[in-house]
Every structure is written in structure tokens, then in C-alpha cells.
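The next part holds the structures, each set out as C-alpha cells.
Here chain A shows up in two complexes: once beside chain B, once beside chain C.
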Partner chain A sequence: MKTQMTTRRAPLRLSLGRFITFATLGFAVCFYGIPLLWLFIAGTRSEASLLTDPPFALGTWEAFSRTWANLTSYNNFQIVTWATNSLIYAVGGVLLSLIACIPAGYALAASEFPGRKLILVLTLIAMITPSTAVVLPIFLEMNLLGLNNTYAGLILASGFFPFGVYLAYVYFSTSLPKGVMDSARVDGANRFTLFTRIALPLAKPIIALVAFFSFLAIWSNYFLAFVLLSDDQLYNLPVGLTALVSGSGALSNLPSNDVPIKKPEVVLAAILVVLPVLVIFLVAQRFVRSGMLSGAEKG
Partner chain B sequence: MSIASTTTHSAAEARDRARRAKRKGQRDTRMSYLLLAPYLLLLMMFGVFPVAYAFGLSFFDTIEMVFWGLANYDFVFQDFRIPASVANVLSFVAIWVGLTMVGVAILSLMLDSIGRRAANTLRTIYFLPGAVTSSAIVVLWLFVLDPSVSPFQPVLHAIGWDTRADVISGIGLAGIFAIMAYFSGSGGWIVVFGGALSSLPAEVMEAARVDGANRFQLATRIKLPMIWKSLVLMGILSFAGGLQLFVEPQLMGLAGPQFAQNDWSLNQMAFQYAFRMGDFGASAALSTLLVGASIIIALVIVFATKFYKLD
Partner chain C sequence: MWFHSPSERPEGNVAAVELRNVSKAFGAVSVIKGVDLSIERGEFVVFVGASGSGKSTLLRMIAGLEPVSGGDILIDGRDVTFDEPAERGIAMVFQSYALYPHMNVYDNIAFNLRLARLPRAEVAARVKEAARILRLEQLLDRAPAQLSGGQRQRVAIGRAIVRNPKVFLFDEPLSNLDAALRVQMRLEIERLHRELGTTMIYVTHDQVEAMTLADRIVALEGGHIQQVGKPLELYARPSNLFVAGFIGSPKMNLIPVKVTSTGVGSATLELLARGTPKLDVAVTGLAAGDGATIGIRPESLFIGATAAARETAALPARIESVERLGNITYAYLDAGTPEVITVQAVGDVALEAGTDVAVSFRASDLHVFDPRGTRVVARTGN
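And then the complex of A and B:
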């Protein structure tokens, strides 16, 4: 009530403030929204329409299906191979990260043992260090082990997800019912039974959260995949996308060649990289909120 | 559990109990390590070992496999491209961190001052570009920066930029990479700060309002100081991430050979050493320096701040 009255008493200054606020927020909507909106519309347009029509002209179903056919059939359905690879890396990597993160987070949260503090510190360092910093060292190591250019190499490397361990650790240290745990221990349950009977049934939200973040990290991994994989049959979608562009020169505005990959096909391939994440974002926004909060705010 | 009786047995009982507890403790330790085993294996394989291996390798001539001390580091520091890439990366980081801190703070505070439903919708819009990652960011922005197809065509033409080369030289590479990274990365932070701001104590806000603070004063005098530490953490994390820049410059060549920037950033140089020159030792030396910088930043965050829960 009080605020509304003050608002009315000083209309001029506040309305200027409101104007600036809404103008800034509106400008930001354009900055964040327009490129994304354009991308999805451009997927339906032909090359000629992209170059001559206004930026937001809608395409046609016919143009879209021709682009789709060009893209999917190009080079013996290579993009299908890449999409399948992306799925293999994602499923394998997410499963591995769950197998590693959930029990580890539980052990760190539920018990005291020698070496615990060291593991926690190493986990935090590994989590704060950008994953791009260790890509070349991992390449040098994989070269030593002969795991370059294998599904296993990339899956193993992407299963290492210290942020997931930290999330699970924070989750278990705040949500395990101490009373239940204690009485179960008195009844003679060992740590492993405690984990499988009490902690795991409570862990659904954290499993989903860790799976969500590790999927995002793995699906969009370009640098590591690019460095580890040189066989184009093993590429994931982000690396495939760049191979498609550099192989066709579709973005270079040079005189055209007879490769069927033009701008619309590149747009569509980029949509394939973006769309799964976009859908998951829209479905699981609250995960992001809670997860990022515990990653950046708890302390 | 009963308190031990004061009979002659008590000493023996206590000893017995201590032994049992110790055995149980050892069993617990073993069980904890069993639960940790898969993670520890990965931590060794992809955290500790690669860093240690690169560190070790950096002291060897990897072509002849002989120890040669600091020669790789010397080689890296003598490379005329290194000072240029240091300058490049620092200018990128300066623009990006500045953009992120100012942009995220302003947008978060403004969103907190408008209606909840509108704010949530806008937050979602700001957040969605986070789905555009790695190579897709570069591909999308190569379109957006090309006046012949760009959705911002009218704006670019109005400024007088008619080709992609005009736009790129007009904004500058560091600025372009910063815009790309900000476009994809800032929305997530805006969501985080939305949560942080909405959980600030309501009494404080009410008290400030009663004292006659307007929205602007509320935002700058009350809310901003309360989220300041988190903003600084975001800045430090962005700084650490920015030092490792690779994808954006590496993929500029997609726009054509005249746009290629193969030795623009430090990580690209480390990549060049390993892949173009086959000199793993030099690559290891530069990687070690880059990882070292990240680890020092991480240590500062872990031990000098209370952002992350250690116990």
C-alpha cells in the first residue's frame, strides 16, 4: 500500500526509471531471442530466400523437406551416424557419471574416513578448473594409452564429472535422515546396505539433476571430441557440424560448388545440435535453478 | 547403550569395545572407498594423471624422448606468437568478464523490480540461448554477423557494415568472441541471481521501502551489496574459463580461409604445437602453464572464500 502511494506521489522520476528498465529488458529480449528465433525460422527457408527475402520471412514445407533430404542423405547418411554417435556418447557418459557420482557423493556426505578431506578438495579443484584446461593433457595421456579414436576413450573421459559428485555430496549431506540412518546402523546394516536401502530410494532428485548437467556437458562437448577423434565415422554432432561447414564452404560466401550442403542445410544441422538441449531446458528448468544455486551459492 | 558398570570387568570391556569400534571403523573406511572407487578411478585417470603426465612430459624432448629441462618452456616463451595470444586472450577476458558482470547484474536487478510472472518469462528467454553451445554458437553467430542473411540486417546496414568482414573488423575479434560467449553463458547466471535475489530477507526490503527508498535505491544500495560476493565469484569463474578460450577463434575459419584464426588464443597454440608441429613437449609445457593458472584460481576460491561447502 505504502509503496503504491509513494509511486503515485513521484510519477515523473519513477516513470522514467520504469521506462529505462523496460527498454533495457526489451533490448535484452532482442539480443537473446532474435538469433535463436531466426535460427529456427531459417531452417524452413531456401538459400535464395535467406539471401533475398527479409530476415524473418517464413519458409515453405517444400523448402524444408528438400533441405532435410539434402542434409540427411549427404555423404551416405553421415549426419545420422553422427547423431547416433552423439547419443552413444551421451548415454554412455551419463550412465558412467551417475555410477561414479552418486555413491561417491553419498560416501563423502555420510561418513568420516581418512582421506575424505583430500578427496573433497581435489573434487572442488577439478570442478572449478574449466574442463577445457585439461583437454590437451587428456589427449597426451590417451595417446599414451592408445585410446584416441575410440568410443570408450571419449565415454570414459566424459564420465568424469566432479560437479556431479559435489552436487550429490551437498544433496546427501542435507537430506539424509540422521535418525533413520543411526537406527539402521544399530540394527547392524553396513554402509553398503545403508546406501542401497536408504540413500538410493531418496536419491531420485539428485540422480535426475546430475544426469541433466552431465548430459548438457557431454552433448555440447566440442573441444575434447575434436581433439580425441580424427576418424569422421566417430564424430559427435558438434564436431560433425563443423566438418559439414568446412567441407562444403557453405558459410564462406564464395562462388558456389556442387556440394548439396548450403546455408539452409547448415542451419538445420545446427538446429539438430541445439534442439535436444532446448527441449530439456524447457522441460526441466527447475532442475537448473536448484542445481546452479547449489553449485554457486551454497557455502 | 548402557554405561559401563564399575566392576573389575570394565577395563577389559572398554578395551574390547575400543577394538570393536576400531574394526568397525576400518570396515567403514573400506566400504566408503568401495563406494568411491569408480569416481576415484576416473579422478585419477582424467584429473590427476593427465595433469601430472603433461607436467612430466613438459621437461622432455618428446621427439627424441630425452630429458632437456626447461627447454620446452623456453621454446614457448620464445615463440613470437605467444605474446600476441596472451594479449588476445586478456582482451577477450576483459571484455567478456566486464560484459558478464555488468550485464548479469543489471538485468537481474531489473528483473527483480518488475512483476514476478513477466520476470519469469523474460528469464526463460534470456536463458534459452544456453542451449546453443560449442560449435553451434559460432555457426549461428557467423550467420548473425553476416549482413547478407543476418536477422539484424537493418542494424548492420545502418552502421554501414555491408559484409561479414566489415562487421568483424568493426567489432574486433575479442569483442565478437565475448558476445558469442555472453550470448550463451549469461542467461544461466541470470536465473541463478533471480533465485538469490528472491531469497533476500523480506524485512530488509520492507524496512528500506518504509524509509522511503525508491526502486533504484533499493536495487543499488540494498540488493547489489547483498549479491556482490556472488557476482565476484561469477567474475572469477568466467575469468578462469575465459583463459582457456579455444572453440570460438578455432572455428572462425568456417567463414572462409580469410577469417581463420588458428593461433589466436593460448589453448589454440597448445593445440597447434601438438597437432601441426607434432611437438608434444611444447604442447605439454603450455598446457601445464594454463592448467597451473586454473588450479591456482581454484585453490584461491576453495581456501580463501566460503563459496563451496567443504564440511
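And then the complex of A and C:
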């Protein structure tokens, strides 16, 4: 009986609905996945190979290490400075947005106060406003504060993350077990300890999620950094690489110059920007999906 | 020993918990409508009622988790109406256990002691003592997710007893447990009350829990107290139709009657049943022409004209179905009344569905309720 149970399977039915589902998914995987695959393979190839070999031909270790050396050592290892800058902006901005978003979302979800609804609506409006629309006001504001062309200026500007507030609000208002909060109040937790000792430890998934989205936004932020920063020692990776690519003429088919930044170097630079996002995503999604709340209530 | 015995508490005849005209409204909806109640020190009081009766809301108001719309709440003689939950000297056990999922059992139990900034050694001693009382010693390192339902509930109780509260509040603590575990935990709570001697207020919709645990039962319905009394008092003399129908399992048979004539201290009732049998009862407060209700417990009904039942008229009925539980047998009868009549008989009684029988009862076992549902007669002889 038991063996029968395990070997029996629902017969595979190929209905039209199923076919459409799989066809759509297949198309999406190809459409979005192939460029990414190409990017990672292309990073190993020489310029000549990029121009003549088939699209998915693998390159050589020599070609890759030469490209790597060209890119990293260019202009006195300037790209390392930019990567470091990107990291500083990202870490600072993520920390700042977490410090602001998580308590804000909690306060909006867990308490009643005058103006709460208004703040929620304003948060939503700020969330759907395109960030490029506020770049100029931010620039003027930073100018006034004398924070243009500083680390602090860009970090302060990127800590503004209404989407994170909204995410935290939704999480706290739906996932925080009411009984646990009541119980902590009976146990003597005041509003502050309630947040720090109960809500915050249970909020790991949302902290990871907000951190991830905020990192993504800051890491790939080109326009704000481009406007706020004019000193090339303060550039982040997107701004720096754009300057590098346009300065070297690597992507325009100009007669060759002696700048060692060619197409392979540009490809590798693109990988450098994409890779941290992938790694962070893999780390963050584990937290997001973990069942932190199991066992709290009857579960 | 860090537990105070009740006698160590401040002296005097102050009630452990006193509610004075307490009311609660959510917007325009009134949930608790002026409740007055005094609970003695060391008493085990159970709030019973159907869902929506306001019993949990009332408990949460005593706990301070629900703001009060009107009236005063006193604990140990002190007005705590506007105090924070932690300042009231109460501890609460929730239906959902409400353990802190990110802390192990030890930290769950120690949490409130740490918030109260007790010295580390004192915390350890109290947690150890509570773990001993609740047999949790082996589980102190576990996370709540690794515990069974009964163990989680014991941790929740442990968290309450280390506070050494003046009053324990239980909000349907057993309703998430399976039947066998519920009996076991019920005994454990009863033992706890005996050992600690602390005042306990316990909310449940389960009348078996209410009957077995309570020193006094408070029956609630529609935000009003319907009756307060010892369990057997509520069982024997329910003061209105709600209590009559709620207390007792299987529930009391309620039969509508018509008052045909009244005398001095007596009335003649006509049962709205097959053959409209007439019945003389010693009762005051009914008027001829009233539609009243009589109630008879299933165990007070007899099938067949037994000697014991000779003093009353028999009710003709047909047996619809028979349930045999072994030790007892329930027979469900159609006597032409709006609801089926339940009769409890001994286990091996010879009853057959579909047969016509006569049901009889002693007049002294009768409960009579006036048109408003209020009890109008004590049992004859009382």
C-alpha cells in the first residue's frame, strides 16, 4: 500500500493553460537570463574574441587576468577608490535608512497618534514619486548645508527611503503577533523595550528586506551621485565607470588610442557592479523567507 | 521562599479585585454594560459566556490591555483603572500562549524579572522554582517552536508565576489543546491554585472547565453579568434562561408553556407539547395568559412510569435516536416541543429508537422562568 502511494503520480496533463504558463516563463528566462549569461562569459574574453568568436565562446584565463589588470590598475587604481566609495555610500545609506525606516514603520503600525493617516499617505506619495524628480531640490538643499561633494551628503540623501518605511509598516501591522505584544506589556515592557526587545528581534526578515532594497537603490544610483559629486575621487562605481567608459572611447569605434580600457574592461566593470547585488540578494532572501515567528502563537 | 502566601499580603478585608460599574464601548458598540463584581482574595473565579459575551474584554480590562470607558477597577483596594498592565500586580496567560519566539524557555520566563531589574541570582532562583513547580526543568534551553502545545502553555504559566502576582488572569488558556491534554492541564491549574493560594480569574467558554475549576462562576451574556455563584448553585438554581441553557451538558430541556390559571402561590401550566399536558406548580409571579418556559435537566427525566416519577403527569413522546456512551445513555425524544427532549439514562437501559414512551419527572426538579426569562420559582422544598 505504502509503496503504491509513493510511486503513484498525478498523470501529467498538458492543457493549454499549462502550456501558456510554461511558454511565458521560458520566454522570460531566455529574454532576461541570456544577456546576464553573456555578460559573465564575455568578461573572460579578449577584445578580438568579442568581435569575431560566437557570442557564447569561452575566453581564456590569460585574457581575463589581462583585462582585470588593465581595469584595476588604470589611473593609479582609481576603480578601487570608486568601489570603496560605493561601499561607503551603500553601508552608510543602508544603515541610515534602516535607522529611519524600521522604527518609523513600527510606530505607524503599532500605535495610534494624531496625523498617523496623513503620514501614511505622504509616505505613499513619496514612494511613488520618481527619485530623479527630487534630485534637483536635494542638490540645492545640500548646497545650502555645504554637503555637496562629501560622503555625508550622498549618504544623508540616500537615507531617505519611503519605500522602506512602507515595507516596515506593512510587516509590523500584519506579522507581529498581538498576543506576544500584549504579553510583553503585562511583563512590564514600556513602549521602548517593546520595540527593542520584542518587535526588533522578530523583525529580522523585514530588516533584511529593507536593507536589500535600500542597498540596491543606493548601489545602482547614478543620477543623484552624478549631480551631487563633482570630485572624481568621491565618485561611486556607476558614475566613475561612466566617466571611464566615455573618457576612453571604449564603446565608440574610434581609431585606437593608448588608453587600456577596451570592450573587455567595460564588460568586467559591469560585472563588478552587478555581482555584489547578486551576492547580497542570496544572503538577504534566506532571512526574508525564514520562519522567525513560528512557535510564537499556537502555530 | 519567594512566593507570598496570601496571609503575608496587606491585611484588611479589601477585595482582591473589585469592579465598580465598569463599562466598555468600541465606538458606538457597547460591549460591557456596567459590571459590578467583587472577588475575594485567594478566590478562583471563572467568567463564562458564549463568544461575544464580553468575558475576554472584561478580563483584558482588568489586565489593563483594554482601556476602560467608564467605572473603576480596584486591585487590592488600590484604584488601577488607569495604570499600565505591569503596574497592576497581575500576570496573564493567553489563549495563544504568546511566548516570545526569539527567546528560549528560560529567557521567556525570566523576561519580566529582568525588566524589573532583579538581581541575576534572584532571577535564576525564581525561574528554577517555577520550572520545578511546572516540571519544565528539562526544557529550559528549548525554543518555543520546539515545544508541544501543553509544554508551551506550561511555559506561559511559568512566566506568570515568577511575577508572584496578586492576581492571575487566564484567557481561555486551554482552548488550543487537545481533549486529553486539556484535562491534564486543568488539573495542573487547579493544583497551582491550591499550592499558591493566589486569586485567579479564568475566562472560558467551556462550562466543564468552569464547573470544575471555579470557586465562583460569573456567567456573562451581552455585556451583563447574568449570575454569580458557586458552580452547583448555578447548576441547581439558574437565575435566568441564559444560565439555565448555558450551564450543564447536555443542556437543560427548555419547554415553552402557557399559564392557564393562577392561584395563591401556585399556577397551572399547559405544556406546548403533544397532548398539551397540564401541570400544577408552586410558583408566584406568573399571570394567567403568560407564555412562560419550564426547564428540566436531562438526568431528571425518566422514561417509563417508574415509581419515583409517579407524582407527575407523563409526557407522551417518541424516541428519535439513542446514543450509548457505555456508562450513560442519551435518548433524544420528540414530544411535539419546539426542541428535541434529551433524556439521560443509565448505560444498559433498554431503549429502542422509534418506540413510543412516556417521559416523567418530579415537580421538584422543575425550573420555571417568567416571560422575561427570569427564574420565578425555587425548587419545591427549597
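Rule of thumb we're sticking to: the second predicted complex is superposed on the first by the 241 of 299 C-alpha atoms of A that agree within 3 Å, B and C clash if a C-alpha of one lies under 4 Å from a C-alpha of the other, contacts with A are read in each partner's own complex, and residues count from 1 in each chain.
Heads up, the rule we're going with is that contacts are C-beta pairs under 8 Å (C-beta built on N, C-alpha and C of every residue); 3 or more make two chains touch, one makes a residue touch a chain.
Since this is a predicted model, take the numbers as computed values, not measurements.
> Between chain B (first) and chain C (second), which, if any, makes contact with A:Asn221: first, second, both or neither?
first
> Per the contact definition in the header, classify A:Leu120: touching chain B only (first), chain C only (second), both, or neither.
first
> Is A:Leu51 contacted by the first partner chain B, the second partner chain C, both or neither?
first
> So, A:Thr129: does it touch chain B (first), chain C (second), both, or neither?
Only chain B; A:Thr129 stays clear of chain C.
> For A:Ser173, select first, second, both or neither according to whether it touches chain B, chain C, the two together, or no partner.
So A:Ser173 only meets chain B here.
> Contacts for A:Thr60 in the overlay, against chain B (first) and chain C (second): which applies, first, second, both or neither?
Touch partners of A:Thr60: none, neither chain B nor chain C.
> Return the chain, chain B or chain C, that is in touch with more residues of chain A.
So, of the two partners, B touches more residues of chain A.
> Thinking of the overlay built on chain A, is A:Thr84 touched by chain B (first), by chain C (second), by both, or by neither?
After superposing on A, A:Thr84 lies clear of both chain B and chain C.
> Check whether A:Gly188 is in contact with chain B, with chain C, with both or with neither, and answer first, second, both or neither.
So A:Gly188 only meets chain C here.
> Starting from the residues of chain A touching chain B, keep only those that also touch chain C in the other complex, and list them.
Common interface on chain A, chain B vs chain C: 190, 292-293, 296-299.
> Sort out for me which residues of chain A touch chain C in the complex.
Residues of chain A touching chain C: 177, 179-180, 182-190, 193, 197-198, 201-202, 292-299.
> Help me check something: in the complex, which residues belonging to chain B touch chain A?
Contact set of chain B toward chain A: 27-29, 31-36, 38-43, 45-51, 53-54, 57, 103, 106-107, 110-111, 113-114, 122, 124-136, 139-144, 146, 148-153, 164, 183, 187-188, 191-192, 195-196, 209-210, 212, 214-216, 230, 233-234, 237, 240-241, 243-244, 246-247, 251, 253-257, 267, 270-271, 274-275, 280, 283-284, 287-288, 290-291, 294-295, 297-299, 301-302, 305-311.
> Which bits of chain C are touching chain A when the two form their complex?
60, 63-65, 84-86, 90-92, 94-102, 111-112, 115-116, 143-147, 149, 152, 156, 159, 163, 176
> Of all residues in chain A, which touch chain B in the complex?
Chain A reaches chain B through residues 2-3, 6, 10, 13-14, 17, 21-22, 24-25, 28-29, 31-39, 42, 50-51, 55-56, 96, 99-101, 103-104, 106-108, 111, 113-114, 116-117, 119-126, 128-130, 132-141, 143-144, 156-157, 159-160, 162, 165-166, 169-170, 173, 190-192, 195, 216, 219-223, 227, 238-239, 241-242, 245-246, 249, 251-254, 263, 266-267, 270, 273-275, 277-278, 281-282, 285, 288-289, 292-293, 296-299.
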